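Labels A, B, C and D are assigned to the chains in the order they are written; within every chain, residues are numbered from 1.
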Amino acid sequence: MCGFVGVIGTDRAGAAVHVAMQAMQHRGQDAAGLGTFDGKRFYLHKDLGTAVQAIPPEVVASFGGRAGIGHVRYPTIGSASREDAQPFLTRRPGILAAHNGNIINMDQLEEELRERGLFVLSRCDSEPIMLVLADELTRIRPGGHTSDDLVQALGALMDRVRGSYTVVALMELDGRKTLVGVRDPHGIRPGVYGRGPGGAWMIASESVALDALDYELVDNLPAGGVVLLRGGDEPVVRPVRDAPVRPCVFERIYFARADSIMEGGRVNSVRWELGERLAEEWKARGLTAEVVVAVPDTSRPAAMAVAEKLGIPNREGFIKNRYSGRTFIMPDQTAREAALRLKLNLIGEVFTGKRVILMDDSIVRGSTMRRIVEMVRTAGPKEIHVAIFSPPVRHPCFYGIDMPSREELLAAGFGDEEFDLRLAAYFGVDSITYLSQEGLEAVNGGRTCAACFTGEYVVPISDEERGYILSQRRSA
Amino acid sequence: MCGFVGVIGTDRAGAAVHVAMQAMQHRGQDAAGLGTFDGKRFYLHKDLGTAVQAIPPEVVASFGGRAGIGHVRYPTIGSASREDAQPFLTRRPGILAAHNGNIINMDQLEEELRERGLFVLSRCDSEPIMLVLADELTRIRPGGHTSDDLVQALGALMDRVRGSYTVVALMELDGRKTLVGVRDPHGIRPGVYGRGPGGAWMIASESVALDALDYELVDNLPAGGVVLLRGGDEPVVRPVRDAPVRPCVFERIYFARADSIMEGGRVNSVRWELGERLAEEWKARGLTAEVVVAVPDTSRPAAMAVAEKLGIPNREGFIKNRYSGRTFIMPDQTAREAALRLKLNLIGEVFTGKRVILMDDSIVRGSTMRRIVEMVRTAGPKEIHVAIFSPPVRHPCFYGIDMPSREELLAAGFGDEEFDLRLAAYFGVDSITYLSQEGLEAVNGGRTCAACFTGEYVVPISDEERGYILSQRRSA
Amino acid sequence: MCGFVGVIGTDRAGAAVHVAMQAMQHRGQDAAGLGTFDGKRFYLHKDLGTAVQAIPPEVVASFGGRAGIGHVRYPTIGSASREDAQPFLTRRPGILAAHNGNIINMDQLEEELRERGLFVLSRCDSEPIMLVLADELTRIRPGGHTSDDLVQALGALMDRVRGSYTVVALMELDGRKTLVGVRDPHGIRPGVYGRGPGGAWMIASESVALDALDYELVDNLPAGGVVLLRGGDEPVVRPVRDAPVRPCVFERIYFARADSIMEGGRVNSVRWELGERLAEEWKARGLTAEVVVAVPDTSRPAAMAVAEKLGIPNREGFIKNRYSGRTFIMPDQTAREAALRLKLNLIGEVFTGKRVILMDDSIVRGSTMRRIVEMVRTAGPKEIHVAIFSPPVRHPCFYGIDMPSREELLAAGFGDEEFDLRLAAYFGVDSITYLSQEGLEAVNGGRTCAACFTGEYVVPISDEERGYILSQRRSA
Amino acid sequence: MCGFVGVIGTDRAGAAVHVAMQAMQHRGQDAAGLGTFDGKRFYLHKDLGTAVQAIPPEVVASFGGRAGIGHVRYPTIGSASREDAQPFLTRRPGILAAHNGNIINMDQLEEELRERGLFVLSRCDSEPIMLVLADELTRIRPGGHTSDDLVQALGALMDRVRGSYTVVALMELDGRKTLVGVRDPHGIRPGVYGRGPGGAWMIASESVALDALDYELVDNLPAGGVVLLRGGDEPVVRPVRDAPVRPCVFERIYFARADSIMEGGRVNSVRWELGERLAEEWKARGLTAEVVVAVPDTSRPAAMAVAEKLGIPNREGFIKNRYSGRTFIMPDQTAREAALRLKLNLIGEVFTGKRVILMDDSIVRGSTMRRIVEMVRTAGPKEIHVAIFSPPVRHPCFYGIDMPSREELLAAGFGDEEFDLRLAAYFGVDSITYLSQEGLEAVNGGRTCAACFTGEYVVPISDEERGYILSQRRSA
C-alpha cells in the first residue's frame, strides 16, 4: 500500500516532509526514505523501519533545497532490503520519485527497459515506472525538458505501464524546480494536494499529511493527469489520458485513516454511512440484538451508526494493546492465540448474557474473526451476530492492497447458496450479515474499484501476471 | 509508574513473562528487564527500550528455571541508564526483585544501609527496598530462610521504608522456590495475582497481564501483606502491617488500561460511572449541548456515558496517530504545535456550528488542553464546553505518578473563588466543569488515595523529602 | 587512496571479493562496498567501516552472479556518508564500477555532465568518471555495446578526465559479462590482474589480493589502456591513450603492503634497496653509529638493509600496539602524547648509552617524529641520528595520497640551505639524513611520479584546482 | 588470559583506566568493563568487545571518583554474555574487583558459598573469588574493615581458592579508599604496580599499561601477598601465604607483549636469549642453513638472535594482515586455508632455492604450522628447518592459558622416541628443533611454571577438575 508526500516552496523542506511522513506512517512501517532537491543536487537517505527509526534528524538537517519527497513502505512486493526502499533517483534526466500502487506488467517493463539499454537495479516496482518516464523524456530530448515534454512522456507511460500508481516526483521542468503528482487513468490509489503558508505546496497519499502541517486541502490528484507545483505559483493541472475513474473502495473501508478526506469524502463519514446502511439491511433480515460492539479501531464509527439506527447501546468490548510485538512460543497455547489476546483484550461483562452485534470492516482469511468469536464466547453472551460493513471479499487485489490468493480468501470458499448460513455455522455464531453490493454502491456510487468484492478488474490482468504478483508477495 | 510481572510453576517461564510484560508496556517504555530462577542460579537481562526492544528471544531461551519476573520502567526517577533498570539481584540471600511505586525516604535508607556495610549500586529506588529486605533477613539468620522469617523481615521493612511500593520477588523460602508479592500498608500502587494452567501462578501490576496468558484473576495483592506462590500449591496470604487501605484513584482515571480490573472494579466501568456522575453534575449546572466528543483514548467510556445520560450524540472528533514521534523544528510553527497536530487530528465537521462538550480525564499543566481548544475552534463550533471527569489536580503526587511541582499544576494557580469562570476564560471556552470531590467519592468510595486532588497525603512527607523527589524527576 | 578488487568466472564470486577486500583493507577502513552481476541484474551493498563490519555474510550469500567487484574507502575526499561509498551503478548502460585515485577536474566534469542532462548524485569522484563513461558509450549507441565501443569511449574519457584513476567495472560487452580494468595514461595509481582456478580472473589494487585467494599474478594493468576479462577466456589488453608512465613512488615507500608486487617489483625489496642506498649516502657523510632501530612497520626492511650495509646490529626498539583507539583527555598530559605512547611503546635499553640510527620512511607534518625523538631521549641514548629512506616531502599530492597543504609540510618550511642542519636542530637530534633524489631514482628509475618530492606534477593542475582539492580534504 | 588495570589518586581516573585497558587489549578482546569508586558510590559499565567498542566516553565522563579499575576479557571460560564480563561488585562490603587467572575448584566454591547463603550470579570465576573475600571479611566484622582484616580474610581465601589468580580491587579499608592488588601464592599470572604523577598509583597485568600513561614501574605484585595503594601514600606490601613462586613461562614465550617487563625481565630480551640458546642447540645438532625467517610477530627477536649467532641473514618472509577477519566458504579451497593466506602472506623469493630456518614460538595443535610449511614449500626452498624457541607443549594448561586437551596437543601424540624425526616427517620438513627444557631453564631459571612442557602442575588438580575445566572451555 505505501504512502508518499512531496513538499515544495518552503524552508526546511526535509523537516516538513519528515513530519508529513509520520502522518502517513499507518500506510507502511517497513522502510522509509526522504530526499530533497536544491536545483543542482539531490540528497537522499533511506533505511528500514518507520520514518523516525530510518531517518536521523542530523541527516535531514544536512540536506539542501526547498523541495523534498518522502515515502513509507508497506511490504507488499519486493524484499525487505534497504536497496529496495523508495524514493529512487535517475540521473538522466535528474528525477527523484516515489510511488504508491502496484504495477501488473513489471516483468514486461523490465524486459523492454533492458532492450532499451536500461538496467533496473532494485526489485521495487517504483523503479521501472521512473525509468519508463526517464526513457520517454530522453527520447524527446536529452535534457532541458518542458512541461509539454512531460505530458507527452506521461502519455507514453500511461500506455506502457499497467496497474495502479500515484507518483510523486521532483525534477527540473521549464528550467524550474517542479514537484510533480501523477495518478493512473483510473485513479485507483488515493492522492491529494494542498496549499501551505508562503506559497508552499504539498502532495500526499492522504489529506491527513496536510493537516499535520496545517496545509489546506485543494483537490484530489487528477486521475489520468498530472499536477505541477512550484513554490509561489498556482498549481498547473494537465490531463494526460482519459478513462473511467475508479478509486479503491477498500481504502475507505479499511486502509485509510478515519480523518482522511478522499474522493468519497471524509473516511469517518463513509464508515458511518456504511454502518447506517448495514443497520437497515440488518433490520430487514428481521434480526434483533441488545448491544453493538466494534472490533477496534476501524469499525468504531460504523458501530456507532448501527447503534443509533437500531436504538440499542454501543459499548467498548475490546481494548487494543498499542505495544504488542512478537510472542515467543508458549507452553500451553499457540503463539498466534497468545498474540491475539495480547493485542486485543476482552471486556467480558459487556457481552455476558447479551444478544450482541459484533461489528468489523471485513473478513479476509477469517482466522482473526474466528479467534475473536472464541474469545467473546468465553464471556457467555446469549447470541453473537457478526455484522460486516462491506460485502464478502472473494477476489484478490492486484492494485496494491495486500491480500492473499483466492484460495485463502475465506468467503471465496463458501459459494453463493446459503452463504450466510454456512458461514455463520463455520464461525459458530447466530448470524452473519455482510453489507450488500447495492448497499456499498448506495453509499459510494458505482464509480469505485470494488474488484475484491465483484471480481471486475478495471485494469485487465492475465493469469500469468496474477501468478507472478501473488508469487512476489512477501506476506504470502 | 512502571509495571511488573512474576510467574512461577510453568515451563518457558521467561517467555510467559515476556508476553505479560508487553501487556504492561503502557506503564513504561523507558527500559525493561527480565530474570528467571532455577533454584540454584539466577538469570537476568535488562536494557533500554520496550520489552520487545530490550529483551532478545535468544536470551530468554537460554534462561533456565520455571519461575521468572519482569519489569517495564517509566522514567520517573533515576537516570536513563541500563544499570538503573529493574529487576535487581542480591546475593545474600539470593533475591531477584522489582517494584512499582516511589520511596520517599530513599536518601535516609541509603545512609542507614551504608552504616550497615551495604553499598547501594544504582540510583533506582528499587534497590534500597531490596537491600533492606536482604539485611533484615540476614539479621534473622544468614541463610535457609523460612516464610516466618520473611514476614518478620517485611514487618521491619514496612516500618523503615516509607512511600508506595508493590514488590515482586523470587527467592528460596522454606527450602522452595517462591514467588513473592508484597504491597505497602496503604496499598497505594496496584497489584493482582492469578492462577494459570497446570498449577502456575502470576503476579502483575494489572490484571490485563493475566488476560494475555489466559490466567484467571484471583485477587488483589493484600495491602500491608504478602502473597507466597509456589508451582502447584495454593497461594499463602500473610498479613504484615495494618493501615488504612488507599489505592491510587488516578490509576483508574488515567493511568491503567481500561480493561484492567482493580480494587474499584473494571477500569472501563469506573470511567463510565464517573462520566454518568459528571453528566448529572453538568445538568445540575443548567448547561446544555448538542454533541459530546472525547479526547481519545481514556475519555471514551466517560463520553459515551455522558451522551447517554444527556440524550445527545457521542461522536469521534479526533483521530490519534499511533506512529507520531519526534518532530524537527518547522519554519512556520513551533515544534510543539506540529507535534500535537501530528498526534491528534481533528474531524472538523463534528464540531462545526455545534454546541460541543469536550471530554477529558484530567488537566495537569493545561498546555495540551489549550492547544486542543485552539484546534477545535478552527472548525467553528457554536459553543465549547470542557468537561473533566475528575476533580482539579492541585497537588503533586509523591507516590509514583509523574506530575510536576505545584507551581506547574494549572489548577493550583486559579484559587477557589470563581475557579470555573476564571479557568474557562483562561481556555477561552464557554464553560469548564470538573467532577466534584463528592462525585469522585460517590463512585470510588472515600477509601482511595486522592492526594493529587485533596492534598491529603496518606504517607506523611516532609518539605525536604518533597524537594528531593521533585529534583530527581527526570521529566521535571 | 582506497583499494578495489574485481572477480569474474567463479562461483561464490561475492565471497571471493569479500576475502580479497580484506587483503586490501590497509588501503582504507572508512567504508566498504561489494556488488555482483549475473548478466541481468546487479546486486550491491555498501556501508561505513571495514569489509567485515560493512558487508554482512548473509547479504553476500543472497547475491547472484559469477562476477563481482568490491571497494574499500580511505577518506581522502567526500563525506563520511554511506551514500558516497563505492562501487556505483549506472543504469544506461548497466555498469557497476569503483575506482582508486583522485580526479582533478571534478567540478568541471559535474558541470559538463549536468549540461548533458546527467545528474551526479554523490560527492564521490568515482561517480563522474563512471558517468562520463556511460555518457560516451550512449553517444555511440544506446545499448548493446562492443569492446570497440568501450575503447572509443575510454579514449574520450581519458581526454576529459584529468587526474589519477584505476577503475574496475562490471558490464556487458559484445553480449558477454565482462570485468574491465582501466588505468589512467600515466598509470599513477597501482593495479594488477591475475589468473585463478577454473578460468577465473581477478583485478585488484595490489597483488596481495591475488595471493589471498591463491590467484597467480599476470601483469600490471596497462597504463592508458584497458584489460577485458571473461570467465574461461584469455585476457584482452587494448591500448587507449599513450603517455609517459609514472607510477606513484610513494606507494612503494609507504602506502602499499610490503608483500605487494608492483611496477618496481616486490615492495619489500624496494624498501630494502632504498635502505642500502641510504646506508651508502649515510656513510658518505662520514657518520657512524652503533645500532639501527626501525620505526615499525614500514621501515623494518630498510633498517635491516642499513644494519647489514653498515655492519652494525638492527634491534627492535619500539612495539606497536595493534589495538590502540581513541584516548580521552588525560589530566597530566595531552591526548596526543598519550595516543602516541599507547600506539608505540619504547624498549628503552636498546637505546641507552648508544649511538642510534632511527629509521623511518618519510616525514610529513613532523609531529609524530618529534614525539618519537622525545620518547627515545628518555632512554638516554648517546646520539640520535634520524635516517629517512626517501627525499623530503615538500609538495602536496593531488593524485590520491592524503597529504596536507604545502604550509603544513614540515620540509617545505626549511628551505634548501643548511636544510639538514636546521632540521636536525628542530628535532634536537645529532643528524638527519634523507635519501637523495638521485638515490631514489637509482632504485626506482626516473619513470615514477615523485611530485611530492620534486613538485613536478605529471598531470598539470591549476591553482584553482589545487585549492578546491585541498578544501575537500576531510583530514585537512 | 585476560588483563586488568587499577588506578588511584588521580583526576579523570576513568579516562586513565580506559587508556591503560587499551595497552592491555592484546590480553583479550571479548568483553571489557570499567568501574570507579568515589568513596560513597560505585560506577560500572561493561559490554562485549574491546575497550573502545564497549566503553563509551560519555559513560566514563559521567563516572565520579579518583580511583577505578578495568578489565579486558579473553574468552577462556564462561559464556559470551555481557553479564559475565568483569569487573564485579559486591554490596557487603562494597568491593569492585576483577581478576586474571583460572580457578580450579570453582564448582566447590560455588557450593560452599551457596551453603553460606551467597548466590553466585554469573558464570565468571572472578565472582566466587570476590564472594569468598566478601564472606571472609563479613565473618570478621559486618563493616568498617581494616587492613589487618583484609590480610586475615586473604589468608582464608588463599586456603580456599585453588588455581592462579591476580586480583585488583577497590574498597574502603581503614576508613580510606584503597586500591588492592592480590596475587596467588605461586604468582602464576603476572601483575605489576607503579607510580604516577601527583601521588597516583597503578596496578596492571603488564608493565606496558604503566608506560602508556608514563607511570614508573615499581615492582611485581608479591606472590602470596597484597599491595595496598592510596593516593599520595607509599605502597604497603603485606605477605599473606608463602609458597614456591612459579610465574608462568608461557607469558614470556608467547602471550605477553614484547615490551613488557616481568619477573624474568623484558619479554623481548627473554625471547632474544631463548633464540640465542636455541641457536647453540641447533648448531650442536650439526645443522646448517642460509637464512632465518620468523613467523611474525612473536618470533622476531628470537629469529634476530639466531641469525646473529649463526652468522646468517635474517629476512622477513611473511607479512601479517592486521585487518583479516572472517572468511566465508570459498569454492576452491577451505575457509581455513583462505583464512591463513589472508592473515599471513608469503614473500616467496626469500625462500626460493634456500636452506631456510623457520622460527616460531611454539606448536600447539600443529595445524597452523602445517599450513605455513605448505605455503613456504610453494616458493621452492632447498631445505626447510623448523626451529621452536620453547620445548614441546605436551600438557594442557589449567592456570589460565587457553589450550586444548592433551589429545589435541600435537606433541603429546608423538611420544619420546625419535620424536624430532617423526615430527619432521609429519610436517614434511628437513628437521625440527625444539629448545630443550634445560635451555629454557638456563634462560628463565627453574623457578617458573612450565607445566605445559613438563606436566608438573604446581597447584595439584584432580581428574574431575581437569574434565570440568576443559568442558567449560569456549574454544574447545
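We adopt the following convention: contacts are C-beta pairs under 8 Å (C-beta built on N, C-alpha and C of every residue); 3 or more make two chains touch, one makes a residue touch a chain.
Note that this is a predicted model, so its numbers are computed, not measured.
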| item | value |
| --- | --- |
| Path length in the contact graph (subunit A to subunit D, fewest steps) | 2 |
| Centroid comparison with subunit C (C-alpha atoms), farthest chain | B |
| Subunit C and subunit D: spacing of chain centres that average the CA atoms, whole Å | 37 |
| Centre-to-centre distance between subunit D and subunit B (centres being mean Cα positions), rounded to whole Å | 51 |
| Residue numbers of subunit A (touch at least two other chains) | none |
| Pairwise chain contacts, counting only pairs that touch as defined | A-B, A-C, B-D, C-D |
| Touching residues (chain side subunit D, partner subunit B) in the complex | 40-42, 44-45, 83, 89-94, 114-121, 131, 138, 142-144 |
| Residues on subunit B engaged by subunit A in the complex (per definition of touch) | 10-12, 15-16, 18-19, 22-23, 25-26, 29, 50-52, 57, 60-61, 196-198, 208, 211-214, 257-259, 266, 268-269, 300-301, 304, 308, 313-316, 319, 321-333, 338, 341-342, 345-347, 349 |
